[in-house]
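The same subunit A turns up in both complexes below, where it pairs with subunit B and then with subunit C.
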Partner chain A sequence: MLEVLFIGLSLGSILLLVALGLAITYGAMGVINMAHGEMVMVGAYVTVLSGIWLGTNIFVAIPLAFIVTALLGLLIERVVVRKLYGRLLDTLLATWGIAILIQQAVRLEFGLSFLGIHVQGLGPGLQNVSVPSFLQGTFSILGADINRYRTFIILVTAILALMTWFIIYRTAIGMQVRAIIRNPKMAAACGIDVSRVNALTFAFGSGLAGVAGVMMSGFKTVFPDMGTSMVVDGFLVVVMGGVGSLLGSVLSAGILGEINGLVAAATNDILARAVVFGVVIAIIVLRPKGLFALKGR
Partner chain B sequence: MSISRRTLLRNTAALGAFAGAGLPHIWNKNADLTYAAGGDIKVGVLFSLTGGLSIIEKSLHDATMMAISEINAAGGVKGMKISAIAEDGASDPKTYNEKASKLVIQDKVPTVFGSYTSASRKAVLPVFEKRNNLYFYPTYYEGFECSKNVVYTGAVPNQQLSNFIPWIIKTLGKKKFFIVGSNYIYPREMAKVSKILIEKNGGEWIADEYLELGHSEWGSMVNKIKGSGCDVVLSNVVGDSVVAFYREYKNQGLTHDKLPICATVTSEIEIAAMGAEYAVGSYTSFPYFQAIDTDRNKAFVERYRAFVKDPKAVTHHALESSYFQVFLWKQAVEKAAEITPAAIRDAVKGQEFDAPNGHVKIDPDNLHTYLTPRIAQWLPDGQGKIIDAYKEPTIPLPYVAYGETPTNLFCTGKGLDTVKLKT
Partner chain C sequence: MTLTPRRRIDWAIYATFVVLLMILPLVMDAFWLNRAAKYLVYGIVGVAVALSWGYAGILNLGQGLFFGAGAYMLAMSLKLASPTSLQQGSDKPVPDFMLWNAEPGARTELCCITKASFLWLPFQSQWFGVAMGLILPVLLALLLGTIVFRKRISGVFVSIITLALVLLVRLVVIDAQPVTNGFNGLTDLGWFKVAGFEFDPYIVPTYYLVAVSLSLVLIGARLLIDTRAGLILQAVRDDQNRARYLGFDVTAYQTFFFAVSAAITGFAGMLYVIVSEFASPTFMDLSFSITMVVWAAVGGRSSILGACIGAILINTISATVSETEGFAEAWKAIIGLIFVLVVLYLPRGLGGLAHDLVDRVLAWKSRTSPNPTRVGDTSSQLAE
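Up next, the complex of A and B:
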């Protein structure tokens, strides 16, 4: 039973890992960022490429992927998203287009494949990342075999969630972000540089997705389409938790993960997935603003 | 412009006259002229070069092109060069259907080589049956198909499982099977055949579980395998799910020496993608492995690597079939009196060829291929060590799950005997 609960927790942590960045960009800025999954993919490719070309392991890739994807996020915000604030559907379409661009850029090796140049680690093929041996296999707690790599993901997710909480609730810039979530115009009137804070927020959210990608690369296949399905799961978590609520995202990821794990253990994975979607539908019908909605004025 | 009755009549008459003029051309008795114009024989090559399946299908495309270029370099067919018209199926059955129609109707090719998934083969089948054209399909598949317009050169279930299941029970001494697969027709048909063989050989299956195709979260399933009390896992998992499955398997502390995965889909290409350390000690059953230790196969691997300009490229079963089926086609064209799909189809019956995997032969009845079943254990370098092989090629039985035997064939040159299928 402990093993089943652990797998549920692990599923929840993976959901949260992807949703954390979305909770910030969607929650704080009202941007439906369809390119979020591609940020995860880019993070995974940073791990693959740094392994091949720099010979470094997954730990070095974490800060590296954060920097690369944060800069990419900053670029996207400056060039595209900035012009579309307040136009929800337009951001959805624009970022979806960006998602396709990023996917194809990786698949075509940034256009080099047209010139017959092949970059090892890029291209349409499947890539893999080798995980340090102390993260492979299991260790025992109370007679249960616990998966080391999944434990590592849970730890990293917990650290990232705490870090995000600290930045949003305990720093000056976090206070500005929260002010913008409540009312961007009023925040601007109080002297907050909304466009600068938004750019930084978007970059931070993208950077978190990059770290999620590093974690994913350790136990999933890395390929250009890998992010597409993840972004759907991410939105499920954010919508169910309540837009703009970090605690809501944490709890809904945990609940969905455990439901998935328990139903899968009792019946099968296909049914578990259906039950998860059913629960999310029930919650947004009963509580349209999610589990923890901010009370707006 | 309004259409009056008079203009309508006139236009219809003109159309009729045009069609009348056109028909004798279509009914040209000397069909060679249509199919081999200008000293070239055109053939279609239809694999996905884009989309999720392009990873594997690109290698099948390359192997087909390599065979065509080798034949051309050696003088072509009947003194004519083969000119390949390559189309992209884009990992989408609907696109496959459109491209197949284009190749058959517009380009008038007498044969198309193509498809990796059963879904794409099923999507193009109506095109070839309706136009009485010819399709060469190189992938191992679930059987249960009998078309006089398709030549199947990959393994069918009896060529992957008839040797594998008895070997697992007798040689490995494993009796309790956990069957796991991706949720679509191929793994489900494979499971059906497996269960018959397991029960016949005195084993038992304790679970038959599926996960969505492309799903990569294996935590719950592997935990279930662990608690099930099985002593062997039979995997029909397909695609990139394979990679996540083997990784999760090791990460939950399962080892192939105690509880081996015996797979029907995991090939060199999946092993390379997951990292060989996750598969070391597990088993796969295929008629072809890159590690087959013959000069002919070694030379084939070298030529393939040179052809794709990648010194580390791996070869696998469907790739090898993509290669040798072009040679079988060439021999059929040479034997056929005229270059039409029907004549090539009749000539390909019973054709034999020394392929990289060994001797292959097209069954004259069901147009499937005699292949040699082999079992390999995966080594740390990502290659299989062949530990069991049939002495000679075995007959293909696409309806083995429904009671087909070598002496009681369901699919013959006359088509499928539906009476036998029902009983």
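Up next, the complex of A and C:
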């Protein structure tokens, strides 16, 4: 039983890892970033590439992926998303286009494949990342076998969640972000540089996705389409938790993860995912504002 | 009803489009005609998306649910009509995959070969499949619409609910392997028959089946949005609360048009099965549902014909370009780019562009003609 609960916790932490960034971009900025999953994918590829070309392990990849995806996020915000504030559904469509672009960029090795140049670690194929030996295998607590790498993911997720919480609720820029969530026009009237804060927020959310990608690469196969299903799961977590509520996202990720784990143990993985979707639909229908509603824009 | 010049041009464009559809077989061989028929089916889907997104303001990210429902219902009937289903050691048809999933010791008959195989019994009649292909999407839409719109859920939440729903159903279909053949879907289908005539997907009559269907759907949808109900619907889209205060039953209008859109999509799903001879869970993939929205966005979300042409155009170009070696993947990237550009710079799509063009021509005409006519309904506003 403990093992099942642990698997649930681990699934929940993975959900949260992806959802954290979305909770920020969607919650704070009202942007539905369908390219978020691709940020995760880019993070995973940074791990692959740094492993191949720099010979470094995933600990080096974490800050590296954060920087790469944050810059990519900044670029996307400046070029596309900026023009679409207030047009929620249009952000969804435009970022879907961006998602395709990023996927194809990786698949076509940034166009180099047309010139006959092939970069090891890119392209349409599957990539694998090996994790350091001390993160492999299992250890046992109370007779239950606990996977080391999954424990590592839970730890990293907890650290990132705390860090995000600290930034949003305990720093000056976080206060500005929260002001923008409540009322962007009023925030601007109070002298907050909304477009600058929005750009930074988007970059930060994207960076978190990059770190999520590094963690994913340790136990999932890395390939160009890997982000698509993640972004959906991430959104369900954020919407269920309540837009703009970090605590809500944390709790709903935990709940959905445990439901997924328990149902999967009782039946199979496919049904477990179906049940998760069902629960989310029921909650959105019953409480459209999510579990923890926040009054805002 | 007197026709304003604007409306006269509208109908002229529709008529031209229909005529083009009808003469296409004169210039195409059987292989391309079959492909064209597929793209026309996508065109029908485009009409459905424009109706729900452009006119009702409901961005349905689960349109694939209705498409899949229609497709599976007819595919079940056609599967039972296929020659292999008749050769499974029983005098009644039994789908081959059920034999592979048979319960131990079960009789080789539809009633009991697998746990839920009795669900297939009525599908031995093809027309039951056809009826269900329309009824099931409509029922789903009515159910969903009543719940969602009564609770006044709107905008992105509707999109997320529909998206989660289509993925949910997809997983259930995959999981119910003994009844649905899971991931593989239903293949090796028989041909659709009407009064003894078999619609082989590679013959001209099958193309006409699709082309005439598209024309009827197109004109029907265009007439529908010109009715009083259609106008009220657009009022609801533009300002739900104001429409409500004016005394209109907003939920009823939204649900009705949602159901119409579902019926059209289900119908398209059935035609797709006739033309392409398979039904699979990929119809309910997230990317397929979003792709449908892409067609409508490029063609023009608030233009029925625009969305339809957008769907046909994108698919035709994709098919042509994909023939070129190594260009298929690059084409996907271009699609992504086009999509970003359309959302940014052409939010009303090609249809909106054409609309503006017609307006300009009319304005120029009325300036030059001695008897100036007023230009009507210039602002087909964007759906939020």
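Here are a few things to note about the model shown:
Methods note: the second predicted complex is superposed on the first by the 295 of 297 C-alpha atoms of A that agree within 3 Å, B and C clash if a C-alpha of one lies under 4 Å from a C-alpha of the other, contacts with A are read in each partner's own complex, and residues count from 1 in each chain.
We take it that contacts are C-beta pairs under 8 Å (C-beta built on N, C-alpha and C of every residue); 3 or more make two chains touch, one makes a residue touch a chain.
If you're wondering where the values come from, they're calculated on a predicted model, not measured in any experiment.
In the superposition on chain A, A:R150 contacts subunit B only, with no contact to subunit C. Contact with neither subunit B nor subunit C is seen for A:M29 once the two complexes are overlaid on the shared chain. When the two complexes are overlaid on their common chain A, residue A:T221 makes contact with subunit B while staying clear of subunit C. In the overlay built on the shared chain, the residue A:I270 is in contact with subunit B and with subunit C. Of the two partner chains, subunit C is the only one touched by A:V280; subunit B is not. Applying the stated contact rule after C-alpha superposition, one finds that A:I7 touches subunit B and leaves subunit C untouched. Once chain A of one complex is fitted onto chain A of the other, the partner contacts of A:T138 are limited to subunit B, with no touch recorded for subunit C. In the superposed model, A:V232 lies in contact with subunit C only, and not with subunit B. Subunit A uses residues 124, 229, 268, 270, 273 to touch subunit B in one structure and subunit C in the other. Across the complex, subunit B meets subunit A through its residues 50, 52, 54-55, 58, 183, 209-212, 214-217, 219-221, 223-224, 226, 240, 243-244, 247-248, 250-253, 272-275, 277, 310. Residues 3-4, 7, 10-11, 14, 118, 124-128, 130, 136-138, 145, 147-150, 219-221, 223, 225, 229, 260-261, 264-265, 268-270, 272-273 of subunit A are the ones touching subunit B in the complex. Of all residues in subunit A, only 32, 80, 83-84, 88-90, 92-94, 96-101, 103-105, 107-108, 111, 114, 124, 228-229, 232, 235-236, 239, 268, 270-271, 273-274, 277-278, 280-281, 284-285, 288 touch subunit C in the complex they form.
Those residues of subunit C lying in contact with subunit A across their complex are 59, 147-148, 151, 153, 155-157, 159-161, 163-165, 167-168, 171-172, 174-175, 286-287, 290, 293-294, 297, 326, 329-330, 332-333, 335-340, 343-344, 347, 384.
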